[in-house]
Amino acid sequence: MQNVKLEREMKSGGLDKRWIFLAVGALVLAFLKLPLHLSYAPNQKTLGVYKAIEGLPSGSIVYLSADYGPSSKAELLPMHRALVYHILNRDLKIIASSVWDSGPPLIDMVFKEVCEELKKQGKEKKYGIDYVNLGYKSGQDVAIAKIGTSIPETFPRDYLGTSVNQIPLMNGVINFSQIGLLCNLSVGSPGARQWLQQVQTRYKVRMVAGVTAVMAPDLYSFYQSRQIEGFLGGLVGAAEYEYLLKRPGFAMSGMNVQSLTHFLILGFVLLGNILFVSEILRQRKAKEMKSTST
Amino acid sequence: MEVKTMEFLGIWIAAFLTLAIFSFLYKDNPIYKFAEHLFVGISAGYVLIQELTGTLIPNLYHPLREALLGVSPAKMSRLGALVLGVMILLRFFKKTTWISRWPLALIIGTFAALRMTGYTQSDLIKQINGTMVPLRGQGLPFTSWEGASVINNLILIIGVITVLIYFFFSLEHKAPLKQGALIGTGFLMITFGSSFGYTVLGRVSLLIGCVQDLYIYAERRYGYSSLFCGVGIIIYLVLWEIRNRAKNRTMPTSL
Amino acid sequence: MSSIFNVSHLNVFLALFLFTALFISFLFLSRKGRTLYLRRLDGVAAIEEAVGRATEMGRPVLFVPGIDNIDEIQTLAGIAVLSHVARTVARFDCSLIVPTRNAIVLSVCEETVKESFTAAGRPDAYKSDNIRYLSDDQFAFTAAVDGIMLREKPATNIYMGAFYAEALILSETGFASGAIQVAGTASIAQLPFFVAACDYTLLAEEFYAASAYLSRDPKVLSSIKASDYFKIITIAVIILGIVLANLNPEAVPLLQKLF
Amino acid sequence: MVKDKVPVYITIVVGVFMILKFFVQLDFIKVVADELEQWCLVVFALAIILGVANILRLNLRIVLRREKDWPYKLVVVVSMGVMILVGIADLAIHGDISTGSGFQYLFQYILTPLSAAMFALLAFYIASAAFRAFRARNIRAILLLVSGALVMIGRVPIGASLSPIFPRLSDWIMTVPNAAGQRGLIIGAAMGMIATGLRVIFGIERPYLRGE
């Protein structure tokens, strides 16, 4: 009974929310495959990431911390793929780990996919030599600080349980002096901010990041202070990166409908405000009428 | 062949669960509730296994084993972690909760210290340093869209200082503090606006990611799974509504 | 000497030392009986006003202390505001609904509200049913709070604490239900939604200051004063640095080295 | 004494020690601090497991007492059990929980779609909030909405396709006024963090004494 009443109220409070839900869902469903050719203008932040990786001497090691989970895979997985592809394709090496428990399976998945893709192009990459997945470490900020002091002490074993002493790539890697670039993928805390605090500034490590759109505005200040050389913000950042690599993927294919949905939402804001203003005007008029009649 | 069957099954499960969560948009219903509780259970089990393999085995079990086997006796100190670990587990029982305060104190002390130094170095000093920008000099353009220029640097300086003034609580905001704080509010609102725009961007992307997955699940090789699951869930919801209405009708109106 | 002390961290040491010194001196001053002045915050006044409106309309006040655990500082700050709100509510003889997402937060809120009602001389008016545990799950909790807004029609919604993605859902439903809304949080990513949908919002540090102001704990006040004065020093250092950098562009690398 | 004084002393000693480690380069300090950090990692992991145990206890109680919605709570208990058993079986058989394992399978086909879909709901909510709550009620809100709208248009490729001014403008907003505002907030938050840290290390703030 209460439910019925509740629904009636939902409707009386203006438009039933569910019509809006339906509009958004229908738009995304209908226009996902819209063939629209949009122009990309990668900005300095995206270019910064690209240049940082391009500029590394062949054979350098990139430390990739994938601090995210499947909840934000839509935004971060495309950039994760693009970055790993770029790094491995340039014959650089990757040590990957995560301070989010949901990171390691995603790291595994991306390595597997990208290595298959590279194999088709005639480039064979080997686990333990070209890349390694060190898995997850609990402890958040403490774990990050600990990785800064010593990588093998923090990760005595990789995700497969192999001792790091037996992994060729980990040979001679002690701390960030042996790392060419720190690359962080993150959705929140612990994430890019904590890496900046505990590792980047402390050991003066070169750093780039790929973050969700919600986190991106935060990083502009760290970009201006040159603590971070570049970053990819949200699906748009990922799409720009795919564009730079000339390797279209999920991010670019989502951009058309992303643009359209922005306009739909802006339309909602505009419409809501028009109704709001007209309501105020109506009330004001009613008040005036009242005051003149009394 | 078996792997293929497993993948096929997996895709069907994924398609069903995605749509089950989306059914919440219509209203809270048993299918959503099932999916939601499944989520809680699976993620709790998942976390436990990751803690075990990620930290407890490599950083506690193996060092202690090596110490006991005499490979590296120095690692015996890891016993301390074991003791504190047991102490924290005692939080599970009401009577022994207080014992867990010791290991918690260790964590809190470490966190406080790491954060204090980390924030001071990266978020305070480096940021202050980044605000000391030149307002003249060779090669510095007067205006620019991106990158440093006289105007951009000036705006940056004014922005940082006025926002700090806005958050100054020790004095009543009177001129010139009042004007400073007002400008600071403006900067804050633009900041929140950008954050707002970016949040919209991010949330929409999350939906696009899901719909992209649903499109893949709907392919022929996966037996059009998302289509069938979608239709199935809609039919269920209709039946569920009909049953609910019938129930409501038989209930006394005084309820 | 330089081998023992990490010279590259000297600046961090100085900053921390200065801050600690300020903090200790304010603690000292407050011990000696000096009242530490903080300016009036409009948001705090707005809370009082909003509770008054609920009384006039004869409808309850809804207070959400964020959705995080008790170990989150924002939750503690939110509960400090709650104790003030509860006292006002008791004085106005209005009812107060507090939904929580966590069992420990629930018990702390119960204690807090009970204490405030007693302090206001109205222990009889305290209803334990109104301090509720709804669900541990983020969205289930949100849906349940939405339900409260639509069914019990609070005239005033106050959100004080750590908020995440649910912030926009709560503030939207509250706005549509026509309630007066006051929010306070340091979760920056959620502030835009509160600013757009609430009548008054305590932004980031204002929120902490408000709770310190209301709790009147001299130790917390001292730390707020310390960071206030540290702000003045920061502004001075920034201006000095800019002046130096512009008088002598060659000083820029030197300054960068120093920091 | 043992109950509430000792933890405070532990916090003070550990806190001061870890701060010392940041400034002082002595082997002794480094070795001890490194080991303490290892202890932290372990305790942290066990604390999370404790949380999981609490979820189990809470749900099991409801199931056993047949309280409201107990079948759903049974889903929680069973799925948690299955996930743990599969993980342990994988460890016993393959020695890892990586690609190809049953654990990875459950992660990929159950956990991933569930959490992705759960967060995708936010796209719908933000759209409805756009229509119903984002009101230009004062100058503050107008400023917020206008800069938000500019970023929304300028940051997607369609903005660039409409006019090159959009991406430039949105990028300018982000890199100049936004960075300035963010920096003010960041510096302020850093001070708040230092203040909180001091209160903790001085034993004024004692969060671990709560939750009896």
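Letters A, B, C and D mark the chains in the order given here, with residues in each chain numbered from 1 onward.
One rule holds for everything that comes next: contacts are C-beta pairs under 8 Å (C-beta built on N, C-alpha and C of every residue); 3 or more make two chains touch, one makes a residue touch a chain.
In this text the structure is predicted, and so the values were computed from the model without any measurement.
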item	value
Chains linked by the largest number of contacting C-beta pairs	B-D
Farthest chain (mean CA position) relative to chain D	C
Distance between chain centroids, defined by C-alpha means - chain A, chain D (Å)	15
Whole-Å gap between the CA centroids of chain A and chain B	12
Rounded Å distance between chain C and chain D, as computed from the means of their C-alpha atoms	19
Distance from the mean Cα position of chain C to that of chain A, given in whole angstrom	29
Chain D, residues touching no fewer than two other chains	19, 22, 37-38, 40-41, 44-45, 48, 55, 96-97, 107-108, 111-113, 115-116, 118-126, 128, 130, 132-135, 140-141, 144-145, 148-149, 152, 155-156, 171, 174-175, 178-179, 182-183, 185-189, 191, 194, 196, 198, 207, 211
Multi-partner residues of chain C (each touching 2 or more other chains)	9, 12, 16, 136, 139, 176, 188-189, 192-193, 195-196, 204-205, 224, 231, 234
For chain B, residues that touch 2 or more chains besides their own	22, 24-25, 36, 40, 46-47, 51, 53-55, 59, 107, 110, 114-117, 119-121, 123-124, 126-131, 146-147, 156-157, 160, 164, 167, 188-189, 191-196, 198-201, 204, 206-207, 209-210
Of chain D, residues touching chain B in the complex	3-4, 6-8, 10-19, 22, 35-50, 52-57, 69, 72-73, 75-84, 87-88, 91, 96-97, 103, 105-126, 130, 140-141, 143-152, 155-156, 168, 170-191, 193-194, 196-198, 200-201, 207-209, 211-212
Chain B partner contacts - residues on chain A that touch it in the complex	1, 4, 18, 21, 24-25, 28-29, 32-33, 43-44, 72-75, 77, 101-102, 104, 135-139, 141-142, 145, 154-157, 159, 161, 193-194, 196-198, 200-202, 212-214, 216-217, 221-222, 224-227, 233-236, 250, 253-254, 257-258, 261-262, 265
Complex interface listing, chain B residues touching chain C	24, 28, 36, 40, 116-117, 120-121, 124-126, 128-129, 131-137, 157, 160-161, 164-165, 167-173, 188-189, 192-193, 195-196, 199
In the complex, chain D residues that touch chain A	30, 34, 37-38, 40-41, 44-45, 48, 95-99, 104, 107-108, 111-113, 115-116, 118-120, 123-124, 126-128, 130-137, 145, 149, 152-153, 155-161, 164, 167, 171, 174-175, 178-179, 182-183, 186
Partner chain D, residues of chain B touching it in the complex	6, 9-11, 13-15, 17-22, 24-25, 33-49, 51-56, 59-60, 77-78, 80-82, 84-85, 88-89, 91-92, 97-98, 101-110, 112-117, 119-120, 123-124, 127-128, 130-131, 145-147, 152, 155-160, 162-164, 166-167, 184-201, 203-204, 206-207, 209-210, 213
